[in-house]
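There are two complexes below, and they share chain A, which is joined by chain B in the first and by chain C in the second.
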Partner chain A sequence: MTKTDDGTDAVVQVRGLCYSYKTTPALKGVAFSVAEQCIHGFVGPNGAGKTTTLKILATLLKPQGGQALVFGLDVKRRYRQVRRRIGFMPDHSGLYQDMTVFECLDFFAAAYGLRGGRRDRAVGDLLELTDMAGRKDSLVKGLSRGMMQRLNLARALVHDPDLLLLDEPASGLDPRARIELTEILRELSRMGKTVFISSHILSELADLCDSVTIIDRGVVKYSGSVRGLHSLTGEHASYVVTLEDEHPPTQEALEGLEGVLSVTKVEGQSSYRLAFDRSKTDTNAILRAVLESGGRLASFREDTRVLSQAFMELTEPGVP
Partner chain B sequence: MKGLLHSAPFPLLGKDLVEQAARRRTYVVRVVYAVLLFLCFLLFFYEMASSMAGDIFWMLGYGKRMFEFLVAMQFVGIFLFLPAMMSAALTYEKERDSLSLLFITRLRPWEILLQKYVGHLIPMFTFLFLSLPLLAICYAYGGITTAYLSSAVFVLVLTCLQVGAWALMFSSFCSGTVQAFVCSYVMGVLFYLGPAICCVLVALFTGGRPGGDEDVLFALFPVYIFVDTLGGTLGRVAVRSIPIMLSTVVFLVLARAFLVRRAFVLRRSVMLKVFRWLDGFMHRLNRLVGGIVLVKEPDTLPENAPIAWREVSKQPLGKLSHLIRIFLLIEAPTVLIGGAVVVLGSFRGDCEELTLLLYMVWALAALILTARSANAFVSERANQTLDVLLATPMSGPDIILQKVRALRQSAFVLAVPIVTVVLIEAWAESWTRGGGPPALVYVAFSLAAAGIFLPMIYWVSLWIGLRARTRARAIITSLVVLVSWCALPILAAMALTILTGVDEGPVVYPLLLSPVSIIAMVEFPELADDVLGTPVPVLALVLTYAWHAAVWFLFRWLCLENADRYLGRIGPPAGRRTRRESKGLNRRPV
Partner chain C sequence: MNVALTPFLRRSLRTHCRAGKTYLIRGGMLLAMLASVASAQVTARFIGAPGLVLFSSIVWISAFLICLGGPAYFASIITEEKEQMTLGLLKMTGLRPVSILLGKSTSQMLGAIALLLVQLPFTVLSITLGGVSLPQVTAAYLALVAHLVFVTNLGLVCSVVCRRSRRAATLTVVLLLAFYFVPPLAAAVLGTTPGGLLDWAQQASVFARRRAVLTTGFSGSAVGFQVLSNLALGAFFFVLAWAGFERFTRTVEVPAARRARALRRTWGLRLFGPGRAWKNALAWKDFHFMVGGKGMLLLKFILYGLLLGGIARAVDPLGVSMNAEEFGAMAIQLMLFIGFIEVTLCSSRVFGTERKWGTLSSVMILPKRTWQIAYAKVAGCLLALLPTLAWFCVGVGLAGDDFFEGLAWFFSEPFAYYAILQVVFFWHLVAYFSLVLRRGGLLLAFAVCLFGNWLSLVVFFLLGEWAAAGGLILALLGLMAFVHYRILRRLELLAAAE
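Here is the complex of A and B:
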């Protein structure tokens, strides 16, 4: 296996990847790496080249230039071995509508060459994992979009792959289904799987991902940790403090803290958005100040607006 | 053109014309039409000139004959090309989900319909205009009166209007282009020739001569009107054409009625719908006799070949019960008609109608197989299920061979009626001869034809389907290739016969390239004797069969060798696949 820039094992290593659809270039020298057992977000606006990259990693498209390695295997030459170790979930359903949930999973288990008891166990486990056991005899065409995505995820996991390639799995899902999907992905990460997930909304992945690659018009604009993305907007960090109820002394305490640049109350809520200089203070000091001021803390999180701002700065306006 | 597009009165017409003008296909089809028309006219002209010892002055006054030939060619062109062009008029909008957008504009349904109608008639009229230079030649040779010319133009235009309205009605009724395309042609044949076929069948069963007033039987057939009123005035032709005009109006009214009612009809297999209805009916009927189950549908899960399992247990025409139904649907009338022909024909001493029956079951088998195999992979693409299949470790040849298993099963079922007719014919022949062994050579060659042509058809169509991106393109291209394969060698032999003035020997060898003429030669050995100059054309037929088998294996090899590339994923370069892989045997558990 190859190594990432920080010396950890790289499950995916992409170097100078190029691909064109006739005369339209989709990828222009894309390069990034994904560390083992992490959740890596692949973010970009529509037409950025996300699906093309994913299809190359899934051995569906042949790279026209550069190299794509999965577990150190070149997708161009060692595609058979790559297919055995990846689970691919495209941006569309990809499921046979005329099958039942159980038949569908059994079908793909057979396609991956699973036999007898191993196949039954795999299908049973996945039905449990995705909470679809109660619907195993339902026809796929009768499932809701959220259930369809869960089934699709189960299908991609049927052969117990080490790497999951997910192309915009949350698109079109309602908030509940999104949260459920996120929970499953976290669980998979805990089970030691590497998850490579694409989306065109950065803030959607910020909480879930360990690392992220931002691509725009076939060019990688950023690849690294989510935290590193914050530094792109300067040395200033931005957080949101939410209290159980209104408590003006907390605002005063925060304003008095060294390194805090601004504290703004969110209209109609008991929340404060604050910006601070990382070199002068940190989140521990802020939390301490809140608690010492007598405020009852409800939540404390990074401000995703900053990520959106970073995303907007990295990507160019307009559709390519 | 852009001005027309942006002008207010006919926005849809403008859009359709601009779209057609931007498509390469429009020009390709126009060139093909022109080449065929000019080539046929040239051959006709050459034959005529040859028969008059090449003296051009002898041909003066024969312009009428040339003109009649030209009009006949235009009729063929209209019947062949216009349904294909018009059947996509509204289904194209339905498939793109843009018909609903048209409904919410200020355009009224009639306006949408008529603008679509005119938009697809104009290209056909441009095809007719292609014959103007040839018309000038005909006119220069003399013999054509103005009345004759105007009545011919009138009937041709009327034919365009009628056939166009007919195809537009199916475009309005059907949910998809392929469905509308097939309906336009199949129902078109039944519409024009149905009454006459019924008369022939009635005559066959009653043992009499076909009866019925031809004027009534062919009242809606423009070709008949044209032939029947040859030399008549325009007024007379117009009066005789009233039923055609009325039928055109009726088709347009029906198209209007279907336009809104069936605008959002779901794309479902008609066959599947019929089978579901039949299932329900049979179950209700079965309860009366205590629930007898003759053939139990296997209710298993895929073992090692999941794609083959899905094809035979989930697909509409793959299920055992559906195959048995199709078999009975074709076999029962085949046996019934075949038996009737033998019994009634024995009084006359011949059973020539069996040949017609054989061609019909062959045509049906070829049509069903072509459509199924062309659709095999393109349907996976259309339903977006191919990508996930391709991301599995199954090899490309394995995926294709599993699909082919179901096609092989269908081919087998469709071959049974062919074999039935062949056996009936062989038996009838030995019976009319007054006993003796059946014609073993005939049976052997007929069985070989079924054993070679059917796999060849599904492999060629499968290859086209693998390369096509849309369902309509795959099926239409496959049908065009099939028809061309059958017709072009015959046309080539005819052309060579005309050019050389010889009608036997090497000149007619192209006939051996067409499955249609091969079946005819097997049916009528005397035909082979005439054209090939040999009483027992066994060697020629064996070579022909070998050629067709070679085509079958070539397309099979092409499909399997380039499987991954055609399917759309990374695979080994051509010629680098192992033998095991080519046979689809490399499946190892993950």
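Here is the complex of A and C:
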């Protein structure tokens, strides 16, 4: 297996990847790597080249230039070995509508060469993992979008792949289904799978991913940790403090803290958006200041607006 | 009345201009015309009147094309809007049903008339060559246009009633077949009297009208009964489509989460259910979910048996009593025909359905080579032939030595191998076109093979029997390998494009 820039084992290594649809270039020398057992977000606006990259990694498209290695295997030449180790979930259903949930998983398990007890166990475990055991006799065409995505995920996992390639899995899901899907992905990460997930909304992936690659118009704009994105917008960290109710002394306490650069009250809410210099203070000091001022803390989180700002700065406006 | 013909016509023209297949079809039509010219030149040496021969084949090709391509082309007038979920949007624009129906059907019909215009220089040529008069040309084209109006509006009704284009096209074909074949069959069985209902029904056929118009010395009216009846039927079907439009397009149909009725009935029994996936999972899937599974096999076995028994009994009252050998020969021929139809249908569905369902990417990502995936699917579909094969074997058993003698004679003919290869090539083409075209693949494959046959006749005359057969077999093998390769490449491309 190849290594990432920080020396860890790279599950995916992409170098100078190029692909064009007739005369329209989709990828122009894309390069990034994905470390083992992490959740890696692949973010970009519509038409950035996310799906093309995913399809190349999934061996459905052959790269026209450059190289894509999955577990050190070239996706162009050793596609069958790659396919055994990856699970791909496309951005559409890709499921047989006339089958029941069980038949569908049983079919794909058999197609991947699983026999007898191994197949039974795999199908049973996946039905449990995706919480679909109660719907195993339901027809696929009767499932809701959220259920369909769970089944699609189960299908991609049926042969126990080490790498999961997910193309916008949360697209079209309601908030509850999104949260449930996120929980399943976290569970998969804990099980030792590497998850490569694409989305066009960076803030959606910020909490879930360990690392992220931002792509725009076929060019990688950023690849690294999510925290590293903050440094792109300056040296300052940005957080949101939300109190149970309005409490002006808290704002004063925060403004008086060394290293805090600005405190802005969010209009119509009992929340404060603050920026601070990491070298002079930290989140512990901020929390302490809030509690000592008598404020009743409701939540304390990183400001995703910063990620959105980073995303906007990295990507170009307009349609590609 | 806001007929709104212009936007539909403009859209139709734009779509046709952008689609490469429009030019292919018109090019194909042109080739067929050139073939007609060549054929007229050869035929005229023996029977004279080259103009009449040429015009006769032009009219025949047009009538045949309308019958064969019309159902696929016109039966999607409204269903394509249903499938693309745009019918609701059209209705929201405030257009009246009659405007939508008239606008869409007229624009489609004008597209078909454009195909007839391709023939105009050849029609002029046929008049120049002699043997055909202007009244004949006028009468023939009026007959064709009336026939076109009839088929368009029949397709329109089916398109309004059905939810899917495929189903609408099938219904149109069935109704057209009934229109053309029931009256002559009924007349053959019941007898017919001039001026009676069956006689009128037969005269409404464009093929009957073609025969009458193209008789030497035709002096009848340009507007015959066929023209009037076809126009009247066209108007009737339009009114029918208008009357049923609101009722059949009121709701956007969400497919119910239930299996087809036949599958529900048979799969309720454990024996007929799909059970667990086989080792060859793709074959299992296609056998159970595409061609109906074990229940369908049993059903077909019983139906074919009843059909054979029914034919044997039906000829008995006519004084033709069948012995075992004759029954066997009939079973062999019928099963060969049914087998051909079944494989053709399987060819059009085996890859086309994966494309329609959007499941190609899930299948093509399996750790197998593309040809392994393709063959596994074909194997699953071919299992549907088991009842046909069983009755064929029964036929062979009953026919005994006659069958083997017939087989030896058949293979002693140089063109036997070519004929078999051509059938296999046809199936390849059907499968390929199902991956390239949204509809009309079967028709195009048929047209290509017809044209190929005409070419092979030319080769036959030029080279002689054995040399021609050898050369054509080699050419067919090469073409088959090419189409084979293209199918596999197309599967990969479509999977990547999903």
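As a working rule, the second predicted complex is superposed on the first by the 320 of 320 C-alpha atoms of A that agree within 3 Å, B and C clash if a C-alpha of one lies under 4 Å from a C-alpha of the other, contacts with A are read in each partner's own complex, and residues count from 1 in each chain.
By our rule, contacts are C-beta pairs under 8 Å (C-beta built on N, C-alpha and C of every residue); 3 or more make two chains touch, one makes a residue touch a chain.
Here the structure is a predicted model, which is why all the values come from computation and not from measurement.
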Original post:
A:A111 contacts which: chain B (first), chain C (second), both, neither?
Top reply: both
Original post:
For A:L139, is the partner it touches chain B (first), chain C (second), both, or none of the two (neither)?
Top reply: second
**OP:** Mind working out whether A:L95 is in touch with chain B, chain C, both or neither, as first, second, both or neither?
**Re:** both
Original post:
Taking the superposition as given, does A:V75 touch the first partner, chain B, the second, chain C, both, or neither?
Top reply: first
Original post:
If you stack the two complexes on chain A, which partner ends up touching A:E168: first (chain B), second (chain C), both, or neither?
Top reply: neither
Original post:
Given the touch rule stated above, what does A:E180 touch, chain B (first), chain C (second), both, or neither?
Top reply: neither
**OP:** Could you pull out which residues of chain A sit against chain B in one structure and against chain C in the other?
**Re:** 55, 58-61, 80, 83-84, 88, 90, 92-99, 103, 106-108, 110-113, 115, 155
Original post:
Once bound in the complex, which stretches of chain C touch chain A?
Top reply: 255-260, 263, 274, 276-279, 281-282, 284-285, 289, 357-359, 361-369, 492, 495-496, 498
**OP:** Report the residues of chain A in contact with chain C in the complex, numbered from low to high.
**Re:** 55, 58-61, 80-81, 83-84, 88, 90, 92-99, 103, 106-113, 115, 138-139, 141-143, 155
Original post:
Can you list the residues on chain B that touch chain A in the complex?
Top reply: 301-307, 309-310, 314, 383-385, 387-394, 568-571, 587-590
**OP:** Write out the stretch or stretches of chain A touching chain B in their complex.
**Re:** 55, 58-62, 75-76, 79-80, 83-84, 86, 88-90, 92-99, 103, 106-108, 110-115, 118, 155-156, 159-160
